[in-house]
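The structure appears below as structure tokens.
Order of writing sets the labels: A, B, C and D. Residues in every chain begin at 1.
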Amino acid sequence: MKNTATLLITCPDAKGIVASIADFLYQHNANILHADQHQDAENNLFLMRVEWDLTSFNLDVAAFGQSFAPIAAKFNMEWQLKLSQHKTRVAIMVSQYDHCLADLLHRHKSGELACEIPVVISNHRDTEALVKFYGIDFHYIPITKENKSDAEATQFGLFDSYDIDLIVLARYMQILSPDFVARYPQKIINIHHSFLPAFIGARPYHRAFERGVKLIGATSHYVTEVLDEGPIIEQDIDRISHRDQVEDLIQKGRDLERIVLSKAVRWHIENRILLYANKTVIFD
Amino acid sequence: MKNTATLLITCPDAKGIVASIADFLYQHNANILHADQHQDAENNLFLMRVEWDLTSFNLDVAAFGQSFAPIAAKFNMEWQLKLSQHKTRVAIMVSQYDHCLADLLHRHKSGELACEIPVVISNHRDTEALVKFYGIDFHYIPITKENKSDAEATQFGLFDSYDIDLIVLARYMQILSPDFVARYPQKIINIHHSFLPAFIGARPYHRAFERGVKLIGATSHYVTEVLDEGPIIEQDIDRISHRDQVEDLIQKGRDLERIVLSKAVRWHIENRILLYANKTVIFD
Amino acid sequence: MKNTATLLITCPDAKGIVASIADFLYQHNANILHADQHQDAENNLFLMRVEWDLTSFNLDVAAFGQSFAPIAAKFNMEWQLKLSQHKTRVAIMVSQYDHCLADLLHRHKSGELACEIPVVISNHRDTEALVKFYGIDFHYIPITKENKSDAEATQFGLFDSYDIDLIVLARYMQILSPDFVARYPQKIINIHHSFLPAFIGARPYHRAFERGVKLIGATSHYVTEVLDEGPIIEQDIDRISHRDQVEDLIQKGRDLERIVLSKAVRWHIENRILLYANKTVIFD
Amino acid sequence: MKNTATLLITCPDAKGIVASIADFLYQHNANILHADQHQDAENNLFLMRVEWDLTSFNLDVAAFGQSFAPIAAKFNMEWQLKLSQHKTRVAIMVSQYDHCLADLLHRHKSGELACEIPVVISNHRDTEALVKFYGIDFHYIPITKENKSDAEATQFGLFDSYDIDLIVLARYMQILSPDFVARYPQKIINIHHSFLPAFIGARPYHRAFERGVKLIGATSHYVTEVLDEGPIIEQDIDRISHRDQVEDLIQKGRDLERIVLSKAVRWHIENRILLYANKTVIFD
């Protein structure tokens, strides 16, 4: 089983950053597996992802922070260290459309998604049998105007008790409260069934059909306080023609949604995503 | 040289339409080369394109209308008859970016676009040498706030004297007056450098960059009175990443613009486009 | 529930075919829903698909053949009449990779595939639980060099008893005998994990990796006597880079395989495919 | 004007490479603009591209080799240093199809290709006017079975006198002699009008049409001694249907060829391509 550490860094660009990091890792006998970096000239930012094998690493990982602190301080870095042995714990939220859910569960079982999925939460019972087939806990939490706040409190309790790191909205057809969104910054991934920023909001396939576009799209993004305005993680499109009715758009869209959402989840749990200026950098 | 007729029909859907048209063409010994039709259930519309070789057609084309009138009346058809021997006469309007212009001129010379291009009009002199290299008349008509109305009047005069059927805006960076648009309904094709309806208006690549989209697009459409809201003819996209700066978006976009605009022009001059409900049907 | 008839026709091209068919359908009060046709100039062939609502059709469908016979004879047609009320009965064959199987079963349950899937046959037990979850019979038929002929005989028996119309090889890693292939002409669909005709045969992803291609593909096709040479139904590709190892190609390929195979199955069961000259015409 | 140095490195993978290079550049006050690296686990190779601004670089570039020699020796590096102030000098060879040529010349004039194009060589006179319009020397060198060796000698002489760094075969329909190929290793880029390795050799569009593929492609690659087997630089595809005849494939293919060839040329002249194991790494 893979035993690696991944270091994610964001800081103002400056001379000597790479030299410092590379030297630090070399001094501690790290066997670097992947390194990727990005410099954003406009914002004068330096972003880096480096992953190394821990087998020969001579630094106690618990003490990493202390040893790395002088470098981090010198370059004013924001940094995170992720260990492959700690698998991200994912909660999936879903309503009635189950295509994204079924896709994620199958990918997870196939080993494509290196995370834990201990729980699925739904405001409908439609997906219960499927979830249980995969041996995952299912919680039915219906949502009404009246109970929304209580329902979310119940959800928060579940996230706590299952020790959840990431919430995936796999066609969850409820708008989260500002409080919900604020509690889990950069920890909620949504799939929107249009090529954002086109067709923000409800019924995007119907509006795409009415506008007569020649391509439909899907967008996965982090959820922020403004609807459909969070940092975009991935997008894809498919071609349509006048022969396609709304139902055909919906059907073609399902394939886009599956692929676009699953890529976002995979990149997140593999620690490949860095955020800045409401954008994502994907170190694939 | 090709000698065909193309009949384009739009009418309410009803039983017997195809039988009537097919029988009419058969009675007059038409050798059908291509036939395509579309039924829009929602709007109860029938749309058809049929092209036949005129060699053995036993009806005087001038008299076609008279012979076809009873069928057209019975089904309440709007119809147009186009002859391949009459080539569409195209005026291209351009400002300083010449990539779409150079592309159209080269395609035309290569035989890919079966039209005449007698004239190019520009509010700059940058493209004059290129246009003249291809043996095409070039008219320089500068535009200012003050002279806009006069400049358009001059343009209308040129369209008349060159007997223009289609106006192609190949990155012409001026907004046409309502009067201009109204004079040439479904006769003006524009290229917009975004995936409409995302990023309507100015500087779409800059806004795409700021929003952090993962795909950029281009859209060719007929010009109507509302900016960037006319019927979409073709769209395409290309993938970008965090490594792409605005300049890269602009460069990648040029390839999209060339292809998306040239397809729209080709489909128009080959009489493959029918309009309804602010949408296009492309009979390719 | 939909109650339509679909007529598929192939014949030498000639004047009057469309008029004859359209007139025949009009005389019998057919409400045409979709009609599409193709003329292949090189082979002088005419191909057509027409689908109509049976509600108002005044001809006893059982007697259709008799009434249509004079037209069919006049134009030397090969024709088939398919009724939407008879759903295609599909057997899926699979080995250990279950991604295409899981995808087909989920699409079927979602209503995307208007067929019956009464049985899945496998030479491994890996997929048994999944198949039974969807309420479908599972038959385990191991294959060895020695028992291959007997195993196929057992399979033929199952196809008979389940009244199978179409066999889908959803990553079934066994080569069918010539006898098997000959028994089910144009009734076996396979998914090949390359962009045919590149990388015919075994281990295409490994060979694609070695060759250093920049795109990988998948191809669905009818199975004929020559390996991977049958008529191609659908193909798609995805982009790869030097960062992708063989495992990444395999993972990306799974998404292609799912989509390309499911489209082929859908088009087949919706009677949208006509064959000629070892090619397919897809009336989508 | 840009004033940068680009260092390209290939060596066996080992700990400390990045630290050594980064430290070296930091010591000499390099302002790193872009850095990208790739580790090929299977072949135990490390590949890197790093580009820095020369403004503040405190090392005399002429002396770079001497200073860098100990690091290069320690890690057994193959390395090249490229200066942006030396623009690659490109000769284009072309026959009668001029779409790739016209595209390259227009991109060059637009500033998209940061190279010099002092000369175009053709075995036909068709493109002479176009080449001269862009102010470039044109040499007509007809090829026959008898004169091939002499003709190539003349070409070699031109490459010498124009001080050519890169030869681009922009639909040059002659097979180069082994001697020609051997003289210019990794210095000849060709465009092949298929998705290699499908349809190696002549008339790929005709063979794609006969096989009934659903996608056509184009491939740019370095020319090596075995026809169409050199390292692939870029590939792309477009979708076709039964409605497309061979002429349509050829037309659609032209757009692919233009884009795929121009990307290869751009990446080469921007020093973004490294070769190993008959494959390319593209540092884009």
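Just so we're on the same page, a contact is a pair of C-beta atoms (placed from the backbone, for glycine too) under 8 Å apart; a residue touches a chain by one contact, two chains touch by 3 or more.
Please read all numbers here as calculations on a predicted model, not as lab measurements.
**Student:** Given that chain C and chain D are copies of one sequence and touch, is their interface built from the same residue numbers on both sides (over half shared) or different ones?
**Tutor:** same
**Student:** If I average the CA coordinates per chain, which chain comes out farthest from chain A?
**Tutor:** When every chain centre is compared against chain A, the largest gap points to B.
**Student:** Express in whole angstrom the distance between the two chain centres, defined as the mean CA positions of chain C and chain D.
**Tutor:** So the centroids are 42 Å from each other.
**Student:** Measuring from the mean C-alpha position of chain A to the mean C-alpha position of chain C, what distance in angstrom results?
**Tutor:** 36
**Student:** Identify all positions of chain C at which a residue touches two or more other chains, and write them in rising order.
**Tutor:** Residues 243 of chain C touch two or more partner chains.
**Student:** Which residues of chain D touch chain C in the complex?
**Tutor:** For this pair, the touching residues of chain D are 38, 40-42, 195-199, 211-215, 217, 231-237, 241-243, 245, 277-282.
**Student:** Quick check: in the complex, which residue numbers of chain C touch chain B?
**Tutor:** 15-16, 18-19, 22-23, 25-26, 29-37, 39, 239
**Student:** Name, in rising order, each residue of chain B that touches chain D in their complex.
**Tutor:** Touch residues, chain B against chain D: 98-99, 102, 106, 110, 112, 129, 133, 243, 251, 254-255, 259, 284.
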